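Below, each structure is written out as structure tokens.
There are two complexes below, and they share chain A, which is joined by chain B in the first and by chain C in the second.
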Partner chain A sequence: MSLMSTLARLEAVRSGRAQVVATVRHRHVSARPLVFVPLTTAGEAGAPLGALVGTERDAPRLLVVPQPRDRDLRFAFLTELADVVLPYIDSFAADVEPAERTETDPETGKRVKVEVELCADAPQLLVPSRAGIEFVRLLGRSMRFRRTAEQDPETPHPAPPHVPLLGRWLTHFGERARVPGSSLLQALTELLSRHWATGQSNLEDQHLGALLAWIDPPEGTRGAEEALRAELARGADGQLLHPPAGPATDPAFDNRLLAPAIERYDRARTRLAAAEDGLEADDRLGELTAAERDVRALVESRTRPTWDAVWHGLDLLRALPEGAHVADRWTRDRWSFTGHRDRVLAGEPPQPRLDDAVTAANKLATREREQARLDAQEALDDPLVMAGRRLAGEAFAGEVVEVVRAYSESRRPSPRPLVTVRTDDRPHLGERAKVYRSLGGRPQSAEFVEAVEENTGAAHENGADGEDVHGGTGAGAGLLVTVRVLDKMGRGREPEEGSVPEKGDRICFTLFEHEQRGGAKLPDPEDTPWTHGGPPGEAAATTAQRPDAVTEEDVL
Partner chain B sequence: MPPPRTRGTALRHLLAELRGPAVPVPGEPPPQPKALDARALAALAANPGCDRRALLDGAGVDKAALADALGAPSSFGQSQFALTRGNAFEKRVKADGGAELLRLVHEKLDPAAPPPETSSVPDLTAVGPAGRTARTALALREAVEAGGWTLLDHPMLALDVAGSPAFLEPDAVVVHPDGSWTVVEIKSFPMLDGSADPAKVGAAARQSAVYVLALEEVAARLDPAPAVRHRILLVCPKDFSNLATASAVDVRKQRSVTRRQLARLTRIEEIAEALPEGTCFGLDLPPERLTAAVESVPATYAPECLSTCELAFHCRERARAAGAVTALGRAARAELGGLTTVDEVLAAAHGEAGDPADPAVAALRRAAGLRAEALASASAGQGGTAC
Partner chain C sequence: MTTVHDTADAAGGPAPAFDPGAEAARATDAILRDTLHGGHRGVVVDSPPGAGKSTLVVRAALELAAAGRPLMVIAQTNAQVDDLVVRLAEKNPDAAVGRLHSNDADPYDKALDELPGVRKSAKAGDLAGMDIVLSTAAKWAHVKGVEPWRHAIVDEAYQMRSDALLAVAGLFERALFVGDPGQLDPFAIVGAEQWAGLSYDPSASAVSTLLAHNPELPQHRLPVSWRLPASAAPLVSEAFYPYTPFRSGTGPGDRRLAFGVPSDGSGPDAVIDEAAHAGWGLLELPARHTPRTDPEAVAALAKVVRRLLDREGASVSERAAQPVPLTADRIAVGTAHRDQAAAVRAALAELGVTDVTVDTANRLQGREFDVTVVLHPLSGRPDATAFHLETGRLCVLASRHRHACIVVSRAGVPDLLDAHPSTEPVQLGVTVKFPDGWDAMMTTWDHLAAHRVRDAR
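What follows is the complex of A and B.
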């Protein structure tokens, strides 16, 4: 946690209300997101209990597994889920726009531009909390290796059609969610805590109800008290007034309400199976339906408050203006979506259990690059984020006090003007350090020359790096930083109009780059060097696709 | 390092007084001090600086009941679904005389040994925890002498904690043909494609480390002392099935941390001596007196306590009421130098108090200034172009 956000949290403690830590919205929020509020069964891996899912705030679809340990009921649930999620995904897959991508020509080895399709928009899946993202991954993993009867007539317990496909999509969403700044799959708690600081710890911010209470408490209440109530208050029946956002349920709910209801359902099912004639069976079917209705009502009672909370949070986020670079990052998400759509259409096998060395290295490199990109773009979009970087000595802002014309010493001199900025910041500038400023959305680079203390006149040829940024003498006194502008001034002897700051301008230089370069190209998986295990080979490919072992009682 | 016997007895008396007279429940035998189980012992390592926790755990006070009495009940509970599944899985793993379990131990830890075609599973039933502990020690000795594979199902081990024995019950202990011992921990969280939730594996490793320490005490009393392996076997369901899979987990680090923690636990004597005369945590006391008693022992609250300590909600309430900065997380505390309360920090940030020569104060003022400047520029409509 940076000092900036700690300070915001402390302000929130004092005021009893969350404080902003961003002045713009840093994540894309779709106009038509698919909200997914899942519940899971305690102790079982990937055994959903139920979910609310849909794109309409007033009409969520309730899906319930009345006996979570029953494989057939689980498949029925997953089929229903696929019936909601897949049409939603497909609705984005068809609408495409032409785009260009650079590819390596396999024959000549040259980099060439190719015309490809790019989906005009992409689906967005929203879950209440970080644990929900993990659950989406888990569901994806549990489904993508299943075989349908059509794929393999011999398979025991074949999965219904669409279920493996849903697994592949959820896996893709889960994998993409690990890329910093991506928005295909988002958790509401993460979205909200990116923009607001509450008066509680990060750990407690994982509770969606409490987080919302801090940010937007009901009229006439204090956020702090409402948050505590949302977190702990129980009714006379010992149940939490605000059920946790899941997917895990409260043990008190499991033991006192859910377990008896499921037991009644089991009993009704056994009795129906034992029915001797049609009339009796009719009666007992009625009992079974009633028992199932009870479980459904219980699941709805625990998911509906979270569903409403998610939409409430969305309202708050939509009220923020979108950051300038958000669309750029969303385009990357669209590429990611289009890419997976193409892989599915091309009939490629599901994502393997474990990545090969090259894929893993590529994924890590992507995440690192996107993290750097996100950090830079957020700072450029938002003065409050930039303030944090300035505090950390990674940027400085101030007024231009002097501009001196200067030229490079080459045969054809180009402009290299010296710009002096008076700043209260204490940047960590090393000798000839590169600094950047945004010029009409493009980065202009400059080189650090010297820094002089305004009052004492003490010069730092090597920059302010040696001294303590927060040093007592430094605070309050200005620092005169001189930099030499290096580019974006045109080809002529005189710099182009507006390309050099003028005296009196307020400008901000960053020590970090604004745009990220791609890393070194990695070999294709088939050319993995032996140091990294060598090419994955045929055997690995077949074992990677093997369906999971299925036991007779797959469920306990 | 157990303290001398006499000191231990004195301490036991002192702790019994702190615990207060147990509240008798009609029709049940008088309750014993709450036994320190491996989970509680392992959790001691989670927040070693907390005197309150060390003392209450050391004295065997039922913290959950205490939290209820203080009006800040803990939210710990286990779903019966998880419990049923956990028990069913353990039973399955240990079926057929532990054949599957021994196969996994052989495969993962001791492939050089002869395969466990035959094995013995001694009967460990006895009266009371002390009896079971003695029975377990005997069975371990016999197993070493007999050679071959032996599975001890739910043995009972004793560990000296601050002068009083804590009884521990591992899921299983396996004696190898070479006479060495392995702790087996059976958990019901899945191992998915060979990896499991790191937080849960960490907790299991800490818990197993406590068993390893207890086993080492038993081993030390034998001659020659058998080796207790520092790689334990963690058994989990494979992927989404109920088939067992296992992984060897090295617990050397956890073992040494826990051992150091346990050695330091003797300091609860010092904590107890610093308490005012007549302090007692008896649950029959009126809430005000109980609160006062709890407050007389200093606590080190951090948000992480919420997931490991029953008293956490009480401590959090107190920390928040006192405006302690740690309530926001340990990281927050680390940045603020000597400033420990919300009021102090904000006063320093807004220039109302604090020495500007203090680096923490200077940084706070700059942060507050930059924040105000950024918010002003954003509301003036310049947002979006920070540069």
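What follows is the complex of A and C.
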């Protein structure tokens, strides 16, 4: 945890209210997100109990599995879910704009630009908490290898149409959520805690109700107390006043309310099956419907508060202005969405169970690059984030006090002006360290020359042995940092207008790069070297696509 | 616990007089035999700190080249590559050595320009036909469309990530992998739990992937540390290499450290005397929870360094007949975090000390000094995180010295360890690494406590 966020948390404790840790919104929030509030059944991983889902704040669709162990009912739930989610996804798939992408020409091996489609916007799935993201992943995993009767007439337990497709999409959303800065699938708790620091632990921040109580407590109350109430307060019936955001449910709810209701449903079903004539069946169907209605009411009572909390959180987030680089990152999400749309359309098989060596390495490289990009962009978009980086010695800001014309020692000298900045920051500058500043949105690089304590005049000249600069006792004393500007000054002998800072300008240099270089290209999977087990081979390719084997648990 | 004698037994009967030179030569010969004449595609060599890893790499490279087998050498940082180039040129000025470098400004050490046998280029094509071509793994990853080398040497292979090996493994047919398993593991800046347990987990070390897929490869280890003194090797071996013990190349009394100026009775002076005598010293400050850059601990570190220089130290070792003065360039300060290093540098500058290396464990890897002064990673902390408990971090800090190591710490480390048992989730399919950091911390602390000096202030 950085010093800045520790400070913010301490202030939150003292004031009883969450403190802002961002002045802009660093994540994309769609104008029409699909909110998904799922609940699971205790004791059986991945068995949905129900969900609220939809794009309309006032009209969520309630989906319930009255007997979560019944596979047919579960498939019915998943079919209903697919009926909501897939049309939502499709509504973004059709609206495209032309774009260019560089691809390797298979014939010449050269990099060429090709015209492709890019979806103008992408769907956004919002769940209440991080555990919800895991659940989306789990649902995706459980569905994408299923076969429908149409795909495979021999399959013993065919899945309803669309269910495997929903699995592939949820898998894609779940996988994309692992990319830093991506917004296709987001957890509200993560979104909120990116922008506000509370006086409770990160673990407690996973409770959406408590988090919201810190950020936006009701008039006249203290966030800290409201948060505690949201977490723990129970009514006379022993039930939590604020049900947890799920997907796990409260054991008191399971034991005292849910289990009896499901049992009544089971009994009603058995009685219906045992009905001897139509009249009796009609009666018992009525009992069954009533029992199902009870379970539905229970599920709704536990999801609706969370549903409302999610939209409340969205209101808070939407009130923040969007960061400058957010659109850029959302474009990457659109590419990701378009790419998966194309793979589905092209009839490609579902995502394999395990990544092969090359895919895994590529994903890791992408995510590390995106993490570095996110860190840099958030700092550039938000002075409060930059302040944290400055405090950590990774950036420095100040006023330009001197600019000296200088030139490179080549046959055709180019400008290499020396710029001295007076700063109160204490950057960790090593010998000839590269620093960067934003010049019209493009990074201009410079090289550290020397740093001098303003009062003492003690120089750290070009850090004789790569020494970091650090002004021990001189609290408040300015540091004069001189850097040599290296690029973005045009081709002429004199730098272009506005390309060199002027005396009196306030500028900010970072020690981290603003843009990320692409990594080296890895071999194709079929060229996996011997050190990594060689090519995955045919066997792996076929098992990856085979549906899951049917286990005992599948046919309880 | 395995003792050093077991290895001697395993190597063929009891060996009452351990001859480090002969042991090391035997190990090196076996490695070179497997590398030059063995039938396996890879050979793995584990090397404890200061066991002559670079010497082995240089020798293997020159012998392969002499046998008419051009090779590529993959190291992890530019400094490591440059160091190997210089050593190769020293050992054999006639060898045709190529230094493949990046397109950045100042891509290699200027010292290389003085070496006539060394050709430098940013294009692999320009270096075709050279006996030995060296570069970093990152640069090699960009080399495409060249005929694969028959041979490669991968240096610091335990610090190389599996995905980095994946990017370069297509460039060679067979390879010698050399590294120190006890140092810091490679890391990823994003979570990689998704692949934990896969044989090719991209965030794991290159060696673990290599051995998972090729378990039949011969594995050697170098049995003698030439750097660590007789006082340090047993502790470092027991704490960090419990199943692959090693010995020091020098015996007790072969290395001595003495000071011309007597102790002034202060804590720093007392701990210096203890370390000069025993090889280890622990300067313990009163227990307290502090920020990372604990001002009192930083001041104590600086004071110890100042006194080390003021007291006219001189070291006696097998390297020179006469005592050698202990100068600033032979002293290093090691910390866990960069801001701690920066604070120590500032404190040293105030005491007028320059030229003493102050850095984090990550950057001190592979370096060697006469005396090291270390800020204990758990000093003043309220908690013990995985980062601070990482075995490799403490191992690096405790194994950089030829004579003595002085640790500065707040009291209460054992209590902190007791309050924070290792709780990392168990990942299926992941080989458990021994020892775990918690255990190594306890072992080293128990030993250090015997050399404790309490700072009075």
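In the analysis below, the second predicted complex is superposed on the first by the 539 of 556 C-alpha atoms of A that agree within 3 Å, B and C clash if a C-alpha of one lies under 4 Å from a C-alpha of the other, contacts with A are read in each partner's own complex, and residues count from 1 in each chain.
Operating definition for what follows: contacts are C-beta pairs under 8 Å (C-beta built on N, C-alpha and C of every residue); 3 or more make two chains touch, one makes a residue touch a chain.
Just so we're clear, the structure is a prediction, and the values are computed from it rather than from any experiment.
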item	value
Contacts of A:42 with chain B and chain C, given as first, second, both or neither	first
Partner chain in contact with A:82 - chain B first, chain C second, else both or neither	neither
First, second, both or neither for A:479, with chain B first and chain C second	neither
Touched partner set for A:520, first chain B, second chain C, both or neither	second
Which superposed partner A:353 touches (first chain B, second chain C, both, neither)	first
Dominant toucher of chain A (residue count), chain B or chain C	B
Contacts of A:372 with chain B and chain C, given as first, second, both or neither	second
Touched partner set for A:254, first chain B, second chain C, both or neither	first
Touched partner set for A:381, first chain B, second chain C, both or neither	first
Contacts of A:177 with chain B and chain C, given as first, second, both or neither	neither
Doubly contacted residues of chain A, that is, touched by chain B and again by chain C	354, 468, 470-472
Chain C partner contacts - residues on chain A that touch it in the complex	178, 180, 354-358, 360-361, 363-365, 367-368, 371-372, 392-393, 426, 428, 432, 458, 464-465, 467-468, 470-473, 519-523, 527-534
Of chain A, residues touching chain B in the complex	1, 3-4, 6-11, 13-14, 20, 23-24, 41-46, 68, 138, 141-142, 199-204, 232, 249-252, 254-255, 259, 321, 323-324, 353-354, 379-388, 390-391, 424, 437-438, 468, 470-472, 475, 507-508, 510, 548-551, 553-556
In the complex with chain A, residue positions of chain B that touch it	75, 77-86, 88-89, 188-190, 192-194, 237-243, 303-304, 306-307, 313, 320, 323, 325, 327-329, 331-332, 335-336, 342-343, 345-346, 349, 356-357, 359, 362-371, 373-375, 377-378, 382-387
Contacting residues of chain C [partner chain A, same complex]	41-42, 106, 138, 141-142, 144, 162-163, 165-167, 169-170, 188-192, 194-195, 198-203, 206, 209-210, 213-214, 338-339, 341-343, 345-347, 349-350, 354-355, 357
